[in-house]
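The following pair of complexes shares a single chain, chain A, combined with chain B in the former and chain C in the latter.
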Partner chain A sequence: MSRFIKVAAAASAAVLALAACGGGGDDSSSAGSSSGGATVTDAQVDAALQKGGTLTVWAWEPTLKDVVTKFQEKYPNVKVDLVNAGTGDKQYTALQNAIAAGKGVPDVGQIEYYALPQFAIGKALTNLNSYGAESLKADFNPGPWNSVNSSGGVYGLPMDSGPMALYYNKEVFDKYKIEVPKTWTEYLEAARKLHKADPKAYITNDTGDAGLTTSLIWQAGGKPYQVDGTNVTINFSDAGSQEFQKVWQTLISEKLLAPISSWSDQWFQGMGNGSIATVATGAWMPANFVTSAPAGKGKWRAAELPQWTAGANASAENGGSSLAIMDKGANKELAYGFLKYANDGDGVQIRVDGGAFPATSKTLADPKWLGDEFEYFGGQKANEIFAKSAQNVVTGWSYLPFQVYSNSVFNDTVGKAYVSNTTLADGLKAWQDQTTKYGNEQGFTVK
Partner chain B sequence: MAVPAVAAPPPSTRRVRRSYRGWQFVGPFMIVFALVFLAPIVYAIYLSLFRNRLIGGNAFVGLDNYQQALQDPQFWSGVGRVGLFLVVQVPIMLFLALLVALALDSGRLYGKSFFRVSIFLPYAVPAVVAALMWGFIYGSQFGLIGNLNDALGITLPDPLKPSLILASIGNISTWQFVGYNMLIFYSALQVVPKSLYESAAIDGAGQLRIIRSIKLPAIRGALVIATIFSIIGSFQLFNEPAILRNLAPNAITTYFTPNFYAYSLTFSGQQINYSAAVAVVMAVITMIVAYVVQLRGTKDL
Partner chain C sequence: MTTTTSPVQASPRTGKPVTLSSKKRRKGSVLLTVLTALMAAYSLFPLAWLLINSTKTQDGLFSSFGLWFDDGKFALFSNIADTFTYGDGIFLRWLGNTALYVLVGAGGATFLALLAGYGLAKFDFVGKKAVFAIVIGAVAVPPTALAVPTFLMFSKMGLTNTPWAVIIPSLISPFGLYLMWTFAAQAVPTEMLEAARVDGAGEFRTLFRISVPLLMPGIITTLLFTMVATMNNYFLPLIMLKNPDWYPLTVGLNSWNAQAATAGGEAVFNLVITGSLITVVLLLAAFLSLQRYWQSGLAAGSVKE
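Right after this comes the complex of A and B.
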């Protein structure tokens, strides 16, 4: 117990010059909750929903707002307090602080798949198997379901997923008579052709992105991370990782990548004005195109991700998140009721209507959904491409139980390859070494 | 506990009363001082003696964190970087500030108050806003540098590349703090009696001689203070790297400056205990350097 208090205040006290960050949230409930590992039945969950109470949910997913409204209409006794505590890292920091402080912890938190093992192993989350979550397996796509399974438990229900696709600016491709690349080798050729024709245009942007790198290695069949409880192996010299290095090293060496970071203003400008011609990322991207790069409307299309082996149809996930129940949260039955509603029940359709990309297999087979025409993509039925990608995600991938830390030092190590003579191979090796060191310091056995 | 206060002899009572009166005045300050100054420092030191791990929990490790910090190449590279920043940026900034202060003080400048305000103005811009603004100026794709490249058909070096990033940050700090230091020097110059200048002029001293022999010695205290502030400021460099990192993630590492390293350790790796040790070591280094400068600067005043 006291260790949590210590850690909590540390956030403000340790770094003398920094302003305090404190405990994150403020309100939240006080009454400790029941069910220490015991099995909770659906009937008990229903009873909790009818009885009502207050739930605090930390999430940044915009479509949840509508879900909460409808949820409260259905269960008028339940009051859901939806809090945006920041996106990704920022929310995790707040969450870690709240967990460490032991107060202000929300009941439910949105956690991306890559970060889930870290929270699971830190005993911050409730194992949903005691609520019968195992029986929901068939409702979800294998990729996301695999992602919420960690150290022998189910630690969240998949909310959305990010099967990858290649988004490309058709206008630019047509102008320079470039074919849509089917393999990454063709992609490299396209990059050269485009940059030669217009020195201000680039095939894509990249300043070193841990998520993209791991996803592409995943697609290439690499398995750099092997996790068995606290025994972890990290190895960036397997065949899949090398496949990725070959192509990406060439893109870097020949200066074919725009030195613009993703999610910056420059990025969206570049997508709007044609100087960034493709983006390889998850199926959740279209909504971002519409809101942040309106100038590209009608010019962009989605295509299948280029392949590492000609003729194959492998894919990978990029991003995607789950809703998890905090171990320290009160009212867990109620929280589970909300999770099921939002991610497996009526909430799924509400979110899909709002533009989210689902993790449920039912939606992916729904002809009406598959037939949706995307205005931004010139009326293309892009969901067909995304659904196919979702089914072709390479199995067997796992993230590290300390991926959040590892990704934070990606630019310290691999990033050097983008701005100096360091090779990508050396950068990945340095990343591996530093992550290994951290893992061992944290009590894992990392090789 | 065993001795009742009432039984105390008269002289002692008098002494007690006197000391109470003093504490009544100092007390409120001492309480706040202990709470907001001493407590966090003591707490950081306490924390730095433990190690909390994802697997295995919390344990007392004595001085292990300090030993690790003293052998940590990333920490020392950060210290080296702020050290370099200190010996290059601080002299330039203070020299410019001094130059402006002397110019304003000479009384020969036209539009004196306009200059004084406009040079001081950057100090009023919040540090975060300043870093964001300069980040935009430095942008070689769509920023001012990019626009200049396009308009003039030239290729300026990218200010955000690894070899230039420290200089670019130095430029921001200089822009921001010249006015502040100028104000310190200028107000120190204001209190020098004008009669000294007159008698020096009668003795045949020129302006340069007056500066060297009267003005500079007169504001020596202010120079020392400004230097110490600048040293502490350099060692605490944080805002600029933290903000510019979004634009130049590969040029600015998570251990770019000691402060930023402590921040990264805490918030990315949950290494709160080690971070506390790094912060304490850095505080000691800062104190030593500042103290040495103070000793030397005030040696024969």
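Right after this comes the complex of A and C.
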């Protein structure tokens, strides 16, 4: 049996290796000239939409289904094949396999911001500047817009964004008379107080989550990743990363974190029954609360993220994704027409109505949207908090051009700090080393 | 997803005169009974959990004790109805796909194993030893290890994302071939074939009219093995298929399970559990209806006469 598992592991490693080939090897850039002016005009895109054709879109975002329906009503000659090829990294593996094989590549793919640089630098995506995407800059929030700018081009249109907030179970906080923390130091105090009052309750859950770790370092002003072309620096010893380590190491050492992984059924259960008291995550979370933790209805509220420096108002992004056009896809004019409709046109409102969190500046300033009262949050106008968070995202953050791989080894390295005597600092060091090694193997110069 | 039921052995008869030897034997069988009972409980435990939890609503799953029913709420029937109607009835489509893969894949694999195994057992030809070595070697290679090379090959042939990508690899069952081979070597007397030939029957007629009835237990056993393998096939369809319309139940249910894990995703754990129960029940039904042959087939080849 163990032999079988080893072989299976080797097979999945082979998939990852293939993925790597897709990401780094191909040097021929067939489409997407440099950042020069538009080579395809809006008129050409419109003509393609009228002429019609078939588009294959790989995405897992649930509200896109309605967008596709309305899009096909508006452009009856276009047939959109919306395929859920897996969520997150599962889809990336499938995508990279298809790219490596050269067949079965979709026209459009949903790609999260953290993964976009990897696909962009691997020349898997079309530079949208040749379609005049640069002129859309003002339509989007600066955070998501920066995220789709990579390797000197625009490689996707922002679909949603995840400015962070602290969601907390007010009922639990009231019951034990705990103040909603304004700083992470207060958060630590609240964690101690809560766990002491009810040993079954935890301030939050965490078993090691690369997305949360990088987002909190981002908020603390840390810039562990510096990317300049193929020259990359990874360094978790800057001040921001240290701040994060201090607080989180204490939470781990004092066993104040529930040993429950995010997105597991236990997680939803904990949010419903009060054993998980807060969740710090992106503004897209409310829809998940409603459908997956219905028992918490009316008990939860949103608040600004606790601060690393008292009195500051820094925020960060967590999650969020774009739609990108595959370099090997066919019918790119049509694909661009769909991207614009879904992420900048009528599609935005359809998705917001479906509970998605927008990336467009127009929606974020819309008084009607800001005034939305969230039933789940006891009638709170939570969008005001999210919009404020979106404006306060710390600038200058970038992800690695091999972040997908890096995040995949997070649990083997940093994850150890959550379950053994390994310190968070050692875990981060191991993560840095392993990522550095991989980056160098892929042809980057990593320091 | 394979679940085999192992019946608890009947406790040894009591009231027998207590001699030294029977005392010894009784001790041994009590231990054996306990061990068997433990194994039975161990195997049945997940099934019991599945059965209990398929009666709960999505809310009930989180708010009630995992090993007992949710008070006052019995949602099994609404769960079954929801499973078949959720997502425009995609579950039914997956069920049909699985049936297709099992019928064509496992059925085809059994037929090919029959032809090849019979041929190898009853005919002499050059290179038979080499074929034997290759088949034995192939038994040792787990299909999972071949999934990625197969994907790349099929991708070049333009077969990925089509049902063929799942069916064609399922047609090959080295273990089934080996089983048919050893079974045919013993179950079909060569003299009988010679008699048939003398009477003027062609080779195919001999095979289908004379040998196949004799080989029935072996065929059913091979069919069951390949059926279970095809029904449980997960990794191959996972990498081959991207279009949910062609998913088998395994991959489809997993996609339901994973869909909560994203912004705006909807958790349908109750449907995942109910869907799994339906899948298991189908496999159980196949097992129970073919069990007689299964047992006689398992013992085949174990004793040399």
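Keep in mind that, in the parts below, the second predicted complex is superposed on the first by the 409 of 447 C-alpha atoms of A that agree within 3 Å, B and C clash if a C-alpha of one lies under 4 Å from a C-alpha of the other, contacts with A are read in each partner's own complex, and residues count from 1 in each chain.
Operating definition for what follows: contacts are C-beta pairs under 8 Å (C-beta built on N, C-alpha and C of every residue); 3 or more make two chains touch, one makes a residue touch a chain.
Small disclaimer: the values here were computed from a predicted structure and weren't measured.
Of the two partner chains, neither chain B nor chain C is touched by A:333. Of the two partner chains, chain C is the only one that A:88 touches; chain B does not reach it. Legend: residue contacts after superposition of the two complexes on their common chain; A:420 is shown touching chain B, with no touch to chain C. Of the two partner chains, chain B and chain C are each touched by A:269. In the superposed model, A:287 lies in contact with chain C only, and not with chain B.
Judged by the touch definition given at the top, the superposed model places A:104 against chain C, while chain B stays out of reach.
By the touch criterion defined above, A:408 lies against chain B but remains apart from chain C after alignment on the C-alpha atoms of chain A.
Look at A:357: by the touch rule set out above, it reaches chain C but stays clear of chain B.
Using the contact criterion defined above for the overlaid structures, shared-chain residue A:317 touches neither chain B nor chain C, since it reaches no partner. Taken together, the two structures place residues 7, 10-11, 14-15, 18, 265, 269 of chain A in contact with chain B in one case and with chain C in the other.
If you check the complex, the residues on chain C that touch chain A are 58-59, 61-63, 142, 144-145, 147-148, 151-152, 155-156, 158, 160-161, 235, 239, 242-244, 255, 258-267, 269.
Interface residues of chain A, counted against chain B in their complex, comprise 3, 6-7, 9-18, 89, 93, 96, 118, 121-122, 207-208, 230, 258-261, 264-266, 269-270, 401-402, 404-405, 408-409, 411-412, 415-416, 418-420, 438, 441-444. Touching chain C in their complex are the following residues of chain A: 4, 7-8, 10-11, 14-15, 18, 58, 60-63, 83-88, 90, 94, 97-98, 101-104, 160, 162, 263, 265, 268-269, 272-273, 282, 284-285, 287-288, 291-292, 294-295, 319, 354-357. Considering their complex, residues 40-41, 43-44, 47-48, 50, 52-58, 139-142, 161-162, 236, 238, 246-247, 249-251, 253-255, 259, 262-264, 266-273, 275-276, 279, 283 of chain B touch chain A.
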